[in-house]
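Two complexes come next, and they have one chain in common, chain A, joined by chain B in the first and chain C in the second.
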Partner chain A sequence: MSSGPRKKALLKVIILGDSGVGKTSLMNQYVNKRFSNQYKATIGADFLTKDVMIDDRLVTMQIWDTAGQERFQSLGVAFYRGADCCVLAYDVTNSTSFKNLDSWRDEFLIQANPRDPDHFPFVLLGNKMDLEQNRAVSSKRAQTWCQSKNNIPYFEVSAKEALNVESAFQAIARDALARESQDSQDFPDFPDQIRLDPNQNNRQQGGGCNC
Partner chain B sequence: MIPILAYQYVKKRNEANRRKMAEEPTSNSAGRSVMPDVVVLRLSAVGAKNNEDETYVSGVLQVVEKARGVFIEWTPAEDSPVSGWVLADGNDENALLSTSPPQRSFRENVNKLKFSMDVNDLNSFKHVEPKKGDPMIRLIGRDGSSQVPLYFRQTSTSAFIDCLQKYITLRRSSKDPNLVLVVDEKADILAKSVVALDNNSDILSRFMGNPYATAMTGLGKITAYMQEQVIPALLDSDEVGAEDKIRAMRELRNDDEFGDRIRVYRGEDQGDFEVVTQLELPPRPEIYRETPVTKQIWDSYKNPHGSFDQRNLHNLKMCVFRGGVEPELRKEAWKYLLGYIRWNESLAEHKLRRQELEKDYYRMKGQWMSINAEQESRFLMFSNRKSLVEKDVARTDRTYKYFEGEGNANLTRLHDVLMTYCMYNFDLGYVQGMSDFCSPILFVLEDEVDAFWCFTKLMDIVHSNFAEDQLSIKQQLNQLHDLVMIVNPKLCNYLESHQSDDMYFCFRWILVWFKREFSFEDTSKLWEVLWTKQPCTNFLLLICVAILDKETEFIIANGFGLTEILKHVNELSMHINLDEVLSAAEAIFHQLSASQDKLPKYVLDHLRLSEPDPY
Partner chain C sequence: MSSGIATLLSIPASTSAPGEASHSDLQALKDQANMSMPQIELPEEEPIEESALDRLSHYPYQVFVLSEYGRPIYVSCGQEDQLCAFFALIGVFVNRVRHNGDMLNSISSKDLHAHFLFRKPLILCIVSKRRDQLRSQLEVLFNQILSTISRKQLETIYEKRGDNYDLRRLLGGTNKYMDGSLSSWHYDLAQISSAIRVLPMEAADRNALSTTLVNSITSANVEGMLFAVVLAHRQIVCLSRLKKHLLDHKDLSLIINLVSNTSTIADAAIWTPICLPFFNDSGFLHAYISSLWENSPAHLVLLSVDRNTLKDLHLIKEDFCAKIQSSPKILNSFEAAVTSPQSFSPSNIGTGSEMLWHFLYRNISSRQICLSASRPPFIGQEERVLLTRSASRVYDILRSVDGIRQIFVRNKKEVLYVKAEDRYELQCVLSPFCSPTMASILGDRLLKALKTYEGRYFITHVPSF
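Let's look at the complex of A and B:
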């Protein structure tokens, strides 16, 4: 029989980074174990879910993929809300994508508006490590950046060759789980307990209606 | 709740630990007793439909009890390929545009279809039993995703459904007879206690009375929960008397769904609502699509010199609107529909003008081509655009034969047209999504110069979609919301109480005019229909309304929220019947147009009903 309807924790993970660094490829490699060089450029937002075991706990990871061009970020930020972990991705062969990490991180903190921004879990992925011969950003440089941001964990990965993708996302899941447990202590899920908090919801549009 | 240990772990995270985590997540963790999986049901003649190429793959459907839970699993049969299944595909487009890439093996394609789904993740399933042919089941997950459709070949579906009922409670949707919902037991229990509350239903009225206000607080969740779980459960419960049901229903259903008022949300101003009396739209007329315009019909509208008579133009456009044009005619018709060749221009005049346009194209092409690497190193904007174009060209419609394979000359031409457009329109440059607009144009026009100029004409229509401020997109999404409010207030209220009334889930539809939702052939037809600007300039929005209208019961019955709606809408891609949608959109147009005097003015403006024919 079924092991019982024990509620699975839902971990919401957002992947951000410049267009073309491989966000869609990473997500698909992790969830579907596939790489295709025929993925289309992402328009709008989408997500994939995957069940994973973390320390004997079954959790559902909901991984969000968005379009990389900045102008499209102003829409769809509603999906940043409630994120448990933010994955920043850059392309190790493209130094611009590395330089833009700061603004991706800032943008996320502004839009998602987590309660404790200094300790919000980020993870950095340097993708396309299979293209070592074209490397433009050294591991050292990336690690230094991570240290300066409160010790963000760093992984070099390849969505194409499936290198390190699994272990990186395991770490992401752990960070997200830690975050989720913090959060759900504050906002338990209905119907365990009903909580009224008028400050909790501040959607970007249409909020503040006092009718 | 979640063990605090996990949190502490992160506090002292270190690399050594992390390496340990690399183990396969689905494998049983150490220390747990390993239980063998038990197959409780095995049906060996269940085929799946591959939507990419409309083929059927035979396979095995199993229900398996595992240590982690109960799973519904479908795997392709070892001996497939396709195993003699009849392909029920009348579309000929695949002959022209192969959708199966050569480098991907058949086996890989088939394996992509296999799935394993936890029964606890099942939200509902579509269950269709046609009088003729195989019954079909399509599983819908809690996240809004749909699995591949399964066709039960020699067996009925009852063994499978009976088996599922050992683990979950199922109920056929009262609104959609083809939908079977997984009932949340918690909801059932709650429903009973709600009835027990009897006269205390004012608590519920408070939840239900004002979904908008409650959505602004944490209560939004409860409102949705009540609407989706409690009310249907209440209505279906046998323990509740008929009278009680009616009373409960009257008290629980909010005015907005069944009452005589609708609220219209206007623009960006927060809290600015206008109360309008709900329109009773006239019944939706039956609309039939017509056959595509042939070369012969098209030519019959031409003067001897090749220009078109202004007086007959409206008729011709209506013909294109009603049926599109035949694929062979596209190369010519698109030049006119996009305004590259003027309707009143003779062929000789155009030929002359084209010579200038050709020179102009190569002049601009030469501009970006002459920028060398050294210059580029001091021209960041150019270099950013160039790399964006390169990246996007490499992932635009690569599964179509026309753009298939490495070193394909058509890719180079797509790249060159887009780069030259950056020179033509410096202010806009290249923005993602533009390659989606460009690729069908290049495919149809073939000639690089013609394709470029037609592309500029198309960009004239849609450039605001790509503006830095995204105001136009936001505006169109708001307009869509207003239209849904008029045409389908029930859906609109549902979206509001599920944090989805910003209509963001339609972003992709609007940004690239459904390019990602339809095949190349259907996209071409849709676009030429829209380029006629008949019967109103904003017909695109009515197409959105028509699709959402069709999905209403499915979305509501499944109780989808913000994320599930987005997932469901994204997955509609390649599952939308274009002719059906065009007919429905036109029918909705007639409904609205017949109610013009009663519609708020801004709604008429959204459709640009009042605008005269631009030609």
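Let's look at the complex of A and C:
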């Protein structure tokens, strides 16, 4: 057994937040460089994948999107589990979507049950920054919230105007990758020697043709 | 029923040039697939997944292994990286059904069949143009994975390392064994019948060989020495074991897979940990594998529980080799059996034998099979492939429909006769002019002849030390 050449990393990224904050738009903007004004309720789970270069490493980002709490319950824990990063998104023009961030974060931690919840990588995106005139949540307020959660990185973005989206997702990938390489010890402890119990295995081995 | 099996076997009109029954069935399929499928250079904006999925449709089958939460681990065509989304989709299918308290087993369309096997923390999936033995293929592949990572390690690794752990880091370098496990279903009747094949050899010669092996083991007296296997061409020559310990045929077939997919044994002995899940699924044995003489297709496998016994096992092998080299009788019979194996010839059954073209006998309790020597019309590679497929479908039917005792199918070019009893299963391919009564008479004659030559074609005694 040898770990061989380094495999291309796959990062499972979950994007959570209230319905309407622009999660699907962000994902589409990032992956397809497209923006559709049509509101499209997502059915269950949806994901898009995109290959990106992070420094000198090729990485596949797989971004999982939902449509509001009630619906993605149908997929259960499998949706959250195995995530490398969780992106929380809110709408800077909608303060309720900001207030709900706590419950999204808790929901994620309960369902995903990560190994080290205090240091699990979250990223906060404040979307719709193109609608500055309607802003309801100040940058300051968002940053304070992030600091209180172990310094979650914060980005203000616009899926519509493609502002900051690329760099936010790059940062997400870089952060998740950094964690991956911290986990270097790959081989589990070699198990203890098998103890031969003469009674463990005494089925009769039938011989021959028996016909 | 009959409509389902009427097409079990159909011999092509042309019988191609005589050729060794070979492993190249799958290779041919692969080559075919490769030919029409040059490496695609993906343009920047093109969604990668689509081209990768296109690529899949060229294959007769594809097998996927992923973590419970959709992370790619293995795909039989390679480059699992390009199929992340497809893996995730398989995970969503399985998990969605599981979330509803149920289990997704299979999805079938007219000409494509998908089978799913959930073995926490892994999901295995096969998509195939054929429908037979899909589940068995996944189960055997799972055993293959367990032979690298014990069940105990597998069950705890995600707890220790997190659900996002990339299991490829532990399985690195073992893809060829997974490939080998899957491809064996396309040429090896032992795999298809979930049994092992014994290399034909006179009983006295086989006993002499296994006695010599036991002597070498006993005189070395190595603490922890457990099993010894001599094999050639994926067939068992002889076995021996530590008293009160038995080697399951499924574990034996993992050993066969290991040996036949390790190309370096010809140059040097191999020393590797291996978990034999039917012996003990939480620990490892340590296998010493070596060929028995230069360029020999025969290999000796010694298994010990102690990982510090490499030198001792090497000495056992040296001693065993020295002993057979010094006994011309043992050496000659052994070499002859290995270099020109004499399979059971239908002429052994006397009159009517010209009607019996091919048979596969499987003993249910010993899990040993006996195959007829190849004879026209089953000598070309194409015909061997058809036989293999037919056998696979017969087993599929025998396993999925209870209580079938006999099957008689008359095709245009041959007759297929199957007899299943509690102790054995017999599949015969006969001349198209054979009547059901005649098939049954020939079958009985064959069974009698097999009994007479039992010691030659089966291992009836496994000496212990």
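Throughout what follows, the second predicted complex is superposed on the first by the 163 of 211 C-alpha atoms of A that agree within 3 Å, B and C clash if a C-alpha of one lies under 4 Å from a C-alpha of the other, contacts with A are read in each partner's own complex, and residues count from 1 in each chain.
We take it that a contact is a pair of C-beta atoms (placed from the backbone, for glycine too) under 8 Å apart; a residue touches a chain by one contact, two chains touch by 3 or more.
From a predicted model like this one, the values you see are computed outputs, not experimental measurements.
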A:Val92 in the overlay: touching chain B, chain C, both, or neither? Say first, second, both or neither. neither
Applying the touch criterion given at the start, work out whether A:Gly76 contacts chain B, chain C, both or neither, answering first, second, both or neither. both
Should A:Arg115 be classified as contacting the first partner (chain B), the second (chain C), both, or neither? second
Is A:Leu125 touching the first partner chain B, the second partner chain C, both, or neither of them? neither
Looking at the overlay, what does A:Gln62 touch: chain B (first), chain C (second), both, or neither? both
Just to be sure I read the superposition right, which of the two partners does A:Ile54 touch: chain B = first, chain C = second, or both, or neither? first
Examine A:Ala178 and indicate which partner it touches, taking first as chain B and second as chain C; both and neither are also allowed. first
By the touch definition at the top of the document, which applies to A:Gly20: first (chain B), second (chain C), both, or neither? first
Per-residue touch tally on chain A - higher for chain B or for chain C: B
Those residues of chain A which chain B touches in one complex and chain C touches in the other: 1-3, 8-9, 44-45, 47, 49, 51, 60, 62, 74-76, 78, 187-188, 190-191, 194-196, 198, 200-201, 203, 205-211
In the complex, the residues of chain C that touch chain A are 48-49, 67-72, 81, 84-85, 88, 91-92, 95-96, 98-99, 148, 150, 152-153, 156-157, 160-164, 166, 168-174, 224, 226, 242-246, 273, 279-280, 282-285, 305-307, 361, 363-366, 368, 370, 423-424, 447-448, 450-451, 454-455, 457-462
Help me check something: in the complex, which residues belonging to chain B touch chain A? 1-7, 9-10, 13, 18-19, 21-27, 29, 31-32, 65, 67-70, 101, 104, 112, 118-121, 141, 143, 145, 166-167, 185-186, 190, 210, 212-213, 215-222, 225, 265, 268, 270-271, 273, 384, 387-388, 391-392, 394-399, 431-433, 435-436, 466-470, 473-474, 499, 501-502, 504-505, 507-508, 511-512, 516, 562-563, 566-567, 570
Spell out the part of chain A that touches chain C in their complex, as residue ranges. 1-4, 7-10, 12, 44-45, 47-49, 51, 60, 62, 74-76, 78, 81-84, 112-115, 183, 186-188, 190-196, 198-203, 205-211
Seen from chain A, its contact residues with chain B in the complex are 1-3, 5, 8-9, 19-20, 32, 34, 36-41, 43-47, 49, 51-58, 60, 62, 67-69, 71-72, 74-76, 78-79, 94, 96, 121, 153, 166-167, 170-171, 174-175, 177-178, 180-182, 184-185, 187-188, 190-191, 194-198, 200-201, 203-211
